[in-house]
Amino acid sequence: MSSMLGKRAVSSFISLMVLIVLVFFLSRLTGDPAALYLPVDASEEMRQNFREIHGLNDPVLVQFGHYLADLVRFDFGDSLRKARPALEVVLEAFTWTLELALITMALVTAAAIALGSLAAFNIGSPLDRIASLLSLIGASAPDFWIAIVGIVLFSVSLGWLPTSGTGSVWHWILPISVLFIRPFGLILQVVRGSMITALGSAYVKTARAKGVKNRPIIFVHTLRNAMLPVITVIGDQAAALLNGAVVVETIFGFPGVGKLMIDSILQRDFNVILAAIMVTALAIFVMNLLIDIAYALLDPRIRT
Amino acid sequence: MKYITALAGLLLASTAMSPAFAQDNHDVTVVLAEEADVIEPCMATRSNIGRIVLQNISETLTELDVRGDKGLMPRLAESWEMAGDNTWRFHLREGVKFSDGSDFDAEDVKHSFERAGSDQITCEISRYYEGIDITPKVVDAHTIDFTTEPAQPILPLLLSLLTIVPSETPLEFTRNPIGTGPYMLAEWNPGQDIKLARRDDYWGEAPAVTGATYLFRTDAAVRAAMVQTGEADIAPSISATDATDPEMDFSYPNSETTYLRIDQNVAPLGDKRVREALNLALDREAFIGTILAEGTQIATAINVPTTLGWNPDVTAWPYDPDKARALLAEAKADGVPVETTISLIGRTGNFPGATEVFEAIQGMLTDVGFNIDLQMVEVAEHEQYYSKPYVEDRPILVGAQHDNSRGDPVFSMYFKYHSEGRQSGINDPKVDELIETATAATGEERSALWSELFAYLHDDVVADVLLFHMVGHARVGGRVDFTPTIATNSSLQLSEIGFK
Amino acid sequence: MAEHLLEVRDLSVRFHTARGVVNAVNGISWHLDRGETLAILGESGSGKSVSASAIMNLIDCPPGEITSGQILFEGRDLLTLGGEARREINGRRIAMIFQDPLSHLNPVYPVGWQIAEAGMAHGESRHDAYARTLELMRRVGIPEPDAAMKKYPHQFSGGQRQRLMIAMALVLKPDILIADEPTTALDVTVQAEVLSLLEELQEETGMGLLLITHDLGVVAEAADRAVVMQGGRIVETGTPRELYHNAQHPYTRKLLAAAPGKGAMRQADERPAPILQVRGLTKSYGAFTALKCADFDLRAGETLAVVGESGSGKSTVARLILRLEEASGGEALWKGEDLLKKSHRQMAPLRRQLQMVFQDPTQSLAPHMSVFEIISEAWAIHRDILPKARWRARVTELLEQVGLQPEHADRYPHQFSGGQRQRIAIARALALEPELIICDEAVSALDVSIQAQVIDLLGRLRDELGIAFIFIAHDLPVVRDFADRVLVMQKGEIVEQGPVTEIFERPRELYTQRLLAAGLDADPDVQAGRRAARLALAG
Amino acid sequence: MLWADKFAFAAALFLMLMLLFAIFGPALLDGVASKQNLRARNAAPFTVERGFLYLLGGDALGRPLLARIIVAAQNTLTIAAGAVAASMVIGSTLGLIAGYAGKTTGEVIMRLADVIMSFPSLLLAVIVLYMLEPSIGNLVLVLAITRIPIYLRTTRAEVLEVRERMFVQAAQVMGASTSRIIFRHILPVILPTLLTIATLDFAFVMLAESALSFLGIGIQPPEVTWGLMVSQGRQYLTNAWWLAFWPGLMIILTTMSLNLLSGWMRVALNPTQRWRLELGGKRNG
């Protein structure tokens, strides 16, 4: 396990370095931050001065050298826009994203497993059909569309929920609901398919021959086996959420890493982009590790 | 329905999510489009920062009256006068304290000015002092002289932009702005909110608002909805399509002027007839009340009518597609390549309905025979076209929006029309000369010179395709009493807010 | 009429499939008494397992449908009982074990828990259930039962897993144990042990044992009575001895005739120089050596059988010679050229001389290709064999040669039965006109009667075309009928080799003797002798 | 055979219609669809007084929504199909190489996939659209690159499994070349899986394109796609819901049709399953 972990860490590190190099150089091809940062009527002198202060006048390779040298000392540089350490900015935003992603995925997982298992056990029933149809529609509707309709309906017309923001538990309901829809539909389908396969397995026959009741057959014997492919999909979906839910964060004013990322990209705030990529990459690495551990916990065959 | 709303209100209030629900509470919540990245007084000309900082946290020496017609009013300076050809003398208010308890004096003004112009930090307001050599000199604790080279007749106006910070403020962006204003920064949760609290030791009259919370929502519909649901009291900028409730929604001229900038160096745009045709092809009236809000004005100058020297005699271009076609035919007969594809560059989200406006413009220009290729681009790319050096491989019309609420064309003219200006598409010696003389002139002469320039640019040079003076829309909740003005685009003085 | 412990009366079950209604069993009746072993003998598709599934309430309705009949257990008709009552009987009164214990044990739970669950599902306390589990695991011969309880199914060998299944079935001391093909896919020696264990346990508890099998040898070894099924009907009932010596129904007689190991053994005649010489062939995976210094020769037209239990390295030999895996050492001289030293490019032309037929034709035929495409691919690869214009005719020829119809050429593999598929695989091998065909367990997965036909086919091809065979098998009777010479392998080593008569009549090595003794014979009398020999060897 | 599955049949009909729209729509309706008529601005749907093209209402510039939806089908489907096809071809080719070539090559390709996966797709969009023209082709490029890892990983995983199957070894024994084994034996087996992913991805790409428009870095007017229409109509949701609703509905319907059709296709492409349809057809037909 530890040697696998080491190997994983090394290969992830290599990927991350390649990624940083790519992002560093490619992003610098997308224009001069000075042009964006300063007002349009700023003079050339001001621009020059701005570039000088932020080291943008050096050759790109030199800039990269400085960046790496700082990085080794765990200094991710400062945000151009916010005049604060980029890492601090990113970690602040990432906390929000992490909470949002964790809560959403926890709810999605619980709901999709419960409903998916029931749909699989009652295959072809109205419940099964409705669940499939709704998940399909939900997964193909644009999320900003759902988000705004949600606000108009639940906040403005009905007044049940606050429109946006982060203040209380109520504020989280709409964004989580919007984020919920797509992974829910997808995971529901996977759970259903996987459970149908698992329910047809030979060991289910054994359990029935043993005289085991239906509920333990579904939730003890079958579910654990059916979870393996489900976990992979959960991992993929969680990774997508950890990268930030740009649209939802934008609309609901959630200060997450997705919004930060799109803002930094549009404003060419390079240090923030790089720090955000590194933080999310690390988070995804950790999550993949957790998924591997979950695999091993669920399936003893993987342990040996 | 009412019952449900009340119930929800109760529910929400019980979780203490929004101060707006609590009665007797004189705190207000303001929802802005874009988060303030920094709360740095010397960046207050940026609207998202200015709406929080300007005159709330940090004050200026002078202040332009936008509600009445009092012109330039005293703020931290009690009075000012010319003390010699090139020197302005300011008499500062006494007994003013910064929020950190220190006294306000001439040294602070000097430091604030020098700090803004320092090459160690990039302060945005310094751009208004570019090209003028200004030397501040402390006369005594409450008197300061500014000596300029050349003479600067509008220096007091320029100083309405200079936010005053204590002389101890370091030469880097501060995260804890100290000012003389009626409010001070109480809390800053990056990404979520910024809170201001009223100061007890403010030199002036205590404003009604006891504290303010600023929230940030990118989506205009959400901002409008927040005021509607009572989550916020004021949304200074909402989309015209959402401004449907006359009880809450105000439109205000936001001092922005939209226009198409023409780079005359590239054929066929060098030909005046072609430029006239561009102007005649547009049915400007048709936009107003449809894609653009009621109240939008057709522009005859790049500055709004409240600007010094704005020329009422200049008449807007009529909509005359036939004449436009005729002019094009004429130009074509003279060998002007009028059929060349002209790029029309628009910026996404430049103003509400930008995409539709540019699509409509493309449609109208195509109608009279132009060959228009519309490109909507994001801000960074737009900048590539907007400022010099220009992309000159093809004829380009750059759709842009210019904001000057300062009352004097000097803030626009050099950049937009001088042959050296960064966003100027023309090279006309008479224009250059007019700009230079007007900048140095004072009083009636200044006004007359600007008027002459406006007319010359519009009628003789046909420098650009001027479109509209835009209006902004603000939504104000029922609890507060606030009327937006032209200044609402760049500042939002909490002291101007009352309660019903 | 005395009441039987379990009686099936006039049971008919049909399945609604997309292909229409299939009558799985049609009006079958049989009974089982306490302490008795009844065997249901039949080939795949005969419906031999359906009645057991009906007893255990394992038939899903729909698509299944029980159209008539009764299942009387202690006088009560199980089919009229409610789900909960039947669940109560399952495991407690009637228990069942299955073929392929690996897939019938839940892979993600420790075996101890799975065994104990049988007790706990019927209200036994956790403590009692685990105590009983431990005792049973010891009883069925699992080494270190304390530690083994916490292990998972994949950590046991095939034989051990079947023992665990048996333990699981016996937790509540059921009155009836149904064993569905309990020894299929197990090595012969293990098969004999499992059957002995079942017999011992039956003696201890006095339970009735229902043994479902396709193997005449299992019937001869273990059954008191047997019913023979074909196409969903019982064609004959009787004691093993009656059936063997005095079969009435033609199907029973056909089955008995198909049982291998009866014919004359081939006399190894001296032949010219060997075409394949294997010297010191070795394969190791890290520290584990799968094959140790194998030496043998193969002469043109000769059939060399390689026998051994699973893990003996017999398949490795084939895979190394064909370069499906790379050897760790040694050489394999094909007509004097070392196959192991050829590059893949050099190997390609040689491949047409060396062909292989795999164990499972379902997997060895690409499901997305038609029979024509599968067979003609040989000529698409080796362009010089046959011009494209003649492919169709040659495919027809080959299909006829292996006993299929020309119109089968445009069908897909799944449309054929197992035996037919294996014929297709053989036709594919023949398409290249090889000099050597390696058959890796090529008939193991087939029903006896089909097995016999395929062996016949191979024999005919050998005689007509002079093809040499390396015939890898774990089934000794098949080898006895077909091979010229036999290699016996154990744990990666060749323990004995010689002409087939010598190996079968005068085995020198103890291991060979054990293997021979463990094999089951369809003749109950012969089998009784074997059993004695087996016990003697074990003792 | 398609008739056997009524839902799939309806889905196929719908997609055919969309295909016709895409091919002939712009040629027939381009003028009508871009003709502005500010008097018909946000015209309400379900009236025919302005002609049937206004049946679904008018947009913010008074252009008939029905005509615009038909014309937009071309760009929408071109982008989605282009991106899906490009990412599938490139991704599965790399996946085949990664699965069949040596360990090192495979490892390098997999790391490449990791890099692409963690590269923010928005940044990629900004980079590509900044350095190149913001055209349909370049948008396809952006979307295709971001979807490559999906196909790459799936293909590789399947290849690793399929290459161990007996029929692949049987082909090896016959002396089949590597390319023959890959294209004749492995690819046909994994193709149904890839096509299933591709149909699902089709929806994903349409939505991603829409989200890019929402963020202001996707397709820009005067080009028009359903995604762009939804994103432009968003600001009128409260007072002219139809602007965003119809194109959104088209996305949903197309997605659902593809889903249904992919379910059918998975059966139809599999010789061992195909009989279900053949039989069903007989029984129903």
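Order as written gives the chain letters A, B, C and D; numbering starts at 1 within each chain.
Throughout what follows, a contact is a pair of C-beta atoms (placed from the backbone, for glycine too) under 8 Å apart; a residue touches a chain by one contact, two chains touch by 3 or more.
Protein identities per chain, from UniProt: A, D = ABC transporter permease; B = Peptide ABC transporter substrate-binding protein; C = ABC transporter ATP-binding protein.
Keep in mind that what you see is a predicted model, and the values were worked out from it rather than measured.
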Chain whose Cα mean lies nearest the overall Cα mean: A
Subunit A (ABC transporter permease) and subunit B, separation of their C-alpha mean positions in angstrom: 38
Cα-centroid distance, subunit B relative to subunit C, in whole angstrom: 86
Whole-Å gap separating subunit A (ABC transporter permease) and subunit D (ABC transporter permease), where each centre is the average of the chain's CA atoms: 23
Geometric centre distance via CA averages, subunit D (ABC transporter permease)-subunit B, whole Å: 44
Touching two or more other chains - residues of subunit A (ABC transporter permease): 30-31, 148, 152, 156, 250, 266
Per-residue overlap in subunit B, given as positions that touch at least 2 other chains: 221, 378, 380-381
Residues within subunit D (ABC transporter permease) bordering two or more other chains: 126, 130, 217, 234, 237-238
Pairs of chains, among all present, that meet the touch criterion: A-B, A-C, A-D, B-D, C-D
Interface residues, subunit C side, partner subunit D (ABC transporter permease) - complex: 18-19, 322, 324, 347-352, 354-356, 358, 360, 363-369, 377-378, 380-382, 412, 414, 425, 428, 432
Touch list for subunit D (ABC transporter permease) against partner subunit C, complex: 165-167, 169-177, 180, 184-185, 188-189, 270-272, 275-276, 279-280
In the complex with subunit C, residue positions of subunit A (ABC transporter permease) that touch it: 201-203, 205-213, 216, 221, 224-225, 298-301, 304
Residue ranges of subunit A (ABC transporter permease) touching subunit B (in the complex, touch as defined): 30-31, 35-46, 49-50, 52-53, 79, 81-84, 89, 92-93, 96, 148, 151-152, 155-156, 158-171, 250-253, 255, 259-260, 266, 268
List of subunit D (ABC transporter permease) residues in touch with subunit A (ABC transporter permease) within their complex: 107, 111, 114-115, 117-120, 122-123, 126-127, 130-131, 203, 207, 210-211, 214-215, 217, 227, 230-231, 234, 237-238, 244, 248, 251-252, 255-256, 259
